[in-house]
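Read from first to last, the chains carry the letters A, B, C and D; within each, the first residue is number 1.
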Amino acid sequence: MATLTSAARGVYPIAPTPFHPDGRIDESSLDRLADFYTGCGATGVTVLGQLGEAPKLDHDESVAIASRMVSRLRIPVVVGVSAPGFAPMRTLARAVMDAGAAGVMIAPPNTLRTDDQIASYYHQASQAIGADVPFVIQDYPLTFSVVMAPAVIRRIVQENASCVMLKHEDWPGLEKISTLRGFERDGSMRHISILCGNGGLFLDFEMERGADGANTGYAFPDMLVDVVRLQVEGRRDDAHALFDAHLPLLRYEQQPGVGLAVRKYILMRRGLIASDAQRQPAAALSNRAREEVDYLLSRVARHDARARLASA
Amino acid sequence: MATLTSAARGVYPIAPTPFHPDGRIDESSLDRLADFYTGCGATGVTVLGQLGEAPKLDHDESVAIASRMVSRLRIPVVVGVSAPGFAPMRTLARAVMDAGAAGVMIAPPNTLRTDDQIASYYHQASQAIGADVPFVIQDYPLTFSVVMAPAVIRRIVQENASCVMLKHEDWPGLEKISTLRGFERDGSMRHISILCGNGGLFLDFEMERGADGANTGYAFPDMLVDVVRLQVEGRRDDAHALFDAHLPLLRYEQQPGVGLAVRKYILMRRGLIASDAQRQPAAALSNRAREEVDYLLSRVARHDARARLASA
Amino acid sequence: MATLTSAARGVYPIAPTPFHPDGRIDESSLDRLADFYTGCGATGVTVLGQLGEAPKLDHDESVAIASRMVSRLRIPVVVGVSAPGFAPMRTLARAVMDAGAAGVMIAPPNTLRTDDQIASYYHQASQAIGADVPFVIQDYPLTFSVVMAPAVIRRIVQENASCVMLKHEDWPGLEKISTLRGFERDGSMRHISILCGNGGLFLDFEMERGADGANTGYAFPDMLVDVVRLQVEGRRDDAHALFDAHLPLLRYEQQPGVGLAVRKYILMRRGLIASDAQRQPAAALSNRAREEVDYLLSRVARHDARARLASA
Amino acid sequence: MATLTSAARGVYPIAPTPFHPDGRIDESSLDRLADFYTGCGATGVTVLGQLGEAPKLDHDESVAIASRMVSRLRIPVVVGVSAPGFAPMRTLARAVMDAGAAGVMIAPPNTLRTDDQIASYYHQASQAIGADVPFVIQDYPLTFSVVMAPAVIRRIVQENASCVMLKHEDWPGLEKISTLRGFERDGSMRHISILCGNGGLFLDFEMERGADGANTGYAFPDMLVDVVRLQVEGRRDDAHALFDAHLPLLRYEQQPGVGLAVRKYILMRRGLIASDAQRQPAAALSNRAREEVDYLLSRVARHDARARLASA
């Protein structure tokens, strides 16, 4: 059974939760997604993140989704266990770890303000779920309104041996990666894996700054895999050229709120999920917006054949 | 089985959740609290509110507490079901209504901003839990950062037949009560019950503005019962005199964060709960603070014999 | 000319800015206020704070008010110079220091989040206004949404020799005073003056925790002076008895937004300002609210003769 | 003298404020910018916006900058007059209108929450500056934390005849444009000009949704002019192709905080300003970041000759 470690690298797509139009979980689409992730070179998968509509699932559904993904995949599955309190967080974390998850991801509650409050929160969370459970810090100020200075992240890493990864999605965030890698070089922080989220909007340069890969839900994880590989191989221009071809669409998908609707629509167009249905509350996609996405898909298709099928 | 209606009045104490020092739920203290509430004239009880440490309980614990209170009490039990998403909210609401709860209380997520967002949220919540489940709006901007204009509350009431009560804890909030009662008089809003929270800090005048009672966790609900009764009887000076005698302590208890520690400490001093333990994260009470509470108890005791026992 | 130092103690009332009903500044009321503050035992005065309606004044008006107070008073005058940027802050600070102010008060912009951001802001502000200008940190999270951990305040004090006072109005805040005084005892922070704001809501205990006095605008600064004196003399019960007699009114005045209207109304009732007019935007006082204030004044008057005149 | 009207269209660049390395305003760079804007086809210019470092200027400097731009340009100059209160806002608005400004731009204070609060604020602001002064609503939730529903914008437009333009930078914001244009079609709102900000990140589609142009500070306003023109001419593919070539750089420049440093650096590279100095507080550009911008400039240059000079 895979365990998440600080050596993780590559692309961990954030999986959406596919629903039938009536709101039930669509398990065969979930399987199809799992197979697709493996096929396109993902090195892990994260389920039940913000864009996995985690807050719209009850406990049993959450465990069922995580378990299904774990049993279908041979790569590590990270499970979002963010919760308003430590009791439900522990209950979920224990259940999914028992089911074979490789680790969990924890976002901070948006009431945290001071450095101390943030560091204390992660320490208490780690104790609540168990010091043996590898966890990922989700650093996403745009959504969570919690601003973590690099020194706070270092403190969390140093105070909690089970902290193995940063889901980096501060914005702007390039200097943060450089600063954290500098902490590692000067010996003040042990190494952790840094995978980048924020829709992938800066993945091109994040890799150059020292990130280990991507951890985001852009509807073409295959492109993310290629960009990460090209950067690792030192093919900077090729990486940027591929990235730039997707950027107009990627930017469109990265809009707060409506972004998930865009993502599910594209995944549906790609034949990966049967329906782009979301549970309430959900921002719907207007016909005009669908047309815009179609147009962007057709433009991406000029450079990347994978988009051709989707826009057919 | 009691059902919550817009005719509710009197005092609905917000029950804390008593824990053993090791973090387990203390059921006999819960029973003692239930009996105490009945004995002191409460007309209902609210469990699993913010100060009931609801986010620190997992689903099964939440249902167990609500069920125990329902089975022990003959007065309506309202259950807080606020959740980050509608699926866990519905699951909990259904479970506690099946167990005999009279209604549920719903706080808004702190991401809501516009009038439309707030009204839509309550409509979707009502549909999620079922249009047959009576619900209470919790209007507490200080904690939830959501500001509900009176017109928004009116809109929620008019759009959802199952909205029967406002837990009023806006601050300042006196004009809001007057405005809402004005809406009822001008026929633009049907009558709802308004019970006041915010620690009871303005209960003296809130009753005069048209509130129906109190819905807060001050450690002397017996005093709240008396103030509400005195105001209903038109004995304004007597109501204020009793209220003012408690105000120094009440103000101390109403501090954000540490307030719950104060409350549990007093309830422990009163012999109503066996321990003032809280689950993490919790603001602890320093020895100095305990001494301050003791001092305030001794001062209240000069005017109100009920505080004498507690400070003995 | 008085200079603000870390030895400051006693009561620095926050002066409101009196306006004529047509919005012009009422200079003779300003003079009357100045004389009253001196007469009642204030040891300093703060002008152009949040409740001095500072943001509603333009630069020339601000300088005029500060200059008039300085020339009328023989006690230190602190001037609020908070501004959206350092250029206008410096311009105002320089102008009022030239006019004889004893120091300035600086509130943090509500965009600050991390410890570093807060400490950097105060360092840059201090450099902008000049390292020779004594300044006061205004620590009021309820209004400014900036949470300063005690260690951050220590850092500001240690990094800026010109930081001489803390306007303490965190809530809850008693432990913060104890912690800061502990820093002084353990030698990690030099001594600063701590004067308490937040409407005076916890002044009774703040003095016992080590505060040096009050820095708030409650409409009976004479009571604040007496409470501070009684506490300094060790007459705890007398201090609390006097404080408690005012608490119902003080609590009413401390409401966000409408509080200033209450304060100006009482000062008008006391004959200290000619009109309770505010500039826009302003929360008005309803007739009902005025009646409530009158009632509270009459109740205070039973214990404190000074309120008798006001309620006459 | 130009007056801003609801018929405004085209590109109004947001001008940065050029400083010498020692912090003084660089007037000759300001002149060069003005000439460049005219030369590249801008139809107006906005000064003293957020990215014009307006809060870092004192009153006299603000007036001087606005006056200089007005006297140099024959196209309308809009001046940002956002202020913490109406008195300084009025003083500045009056001064710049006297100097020949075409209108003013007003951002909401970040304390506004409810629909009523927002609408009232703009009505009071309009009355404060004078009902004869044309004004622009700045709708930028990402920076100001104020969320304006389309119905609120409609209300501001309908209640204030002097409201002539929306600086549209909500995110996501495409549907908002469609909704507002729908209000115009259904007769519930009079026509206003909609110019788009947010760094231009969605300008390609915003034009298709009904926007009249751009009002943002991207360092290639000449590209914005071309994209707007191409869209007006119905050359969709050409517009997107040009836009997409700039998007990697545009995205990089649109980062919060550090974005202004990027912008000034590029403008310096283009020879339009002598120095990329900012006043404090400022996010600096690391050497690594400069190299990234250089790389992006070289990539843009493959498609757009104008970037060639800059990257030379």
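Here is the rule we go by: a contact is a pair of C-beta atoms (placed from the backbone, for glycine too) under 8 Å apart; a residue touches a chain by one contact, two chains touch by 3 or more.
Note that the structure is a prediction, hence the values are computed from the model and not measured.
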Please work out which of A-B and A-C is bridged by more C-beta pairs in contact, and write that pair.
A-B
Suppose chain centres are the mean of their C-alpha atoms. Which chain sits farthest from chain C?
A
Where the CA atoms of chain A average out and where those of chain B average out, how many Å apart are those spots?
38
Could you tell me the distance, in whole angstrom, between the mean C-alpha positions of chain A and chain C?
48
Check: chain C positions touching at least 2 other chains come out as none
Residue numbers of chain D touching chain B in their complex, please.
113-117, 146-149, 151-152
Chain A residues touching chain D in their complex are 171-172, 174-175, 178, 201-202, 204-205, 208-209, 240, 243-244, 247-248, 251-252, 255-259, 286, 288-289, 292, 295, 299
Interfacial residue positions of chain B with respect to chain A in the complex
53-59, 61, 83-88, 90-91, 110-111, 120-121, 124, 127-128, 279-281
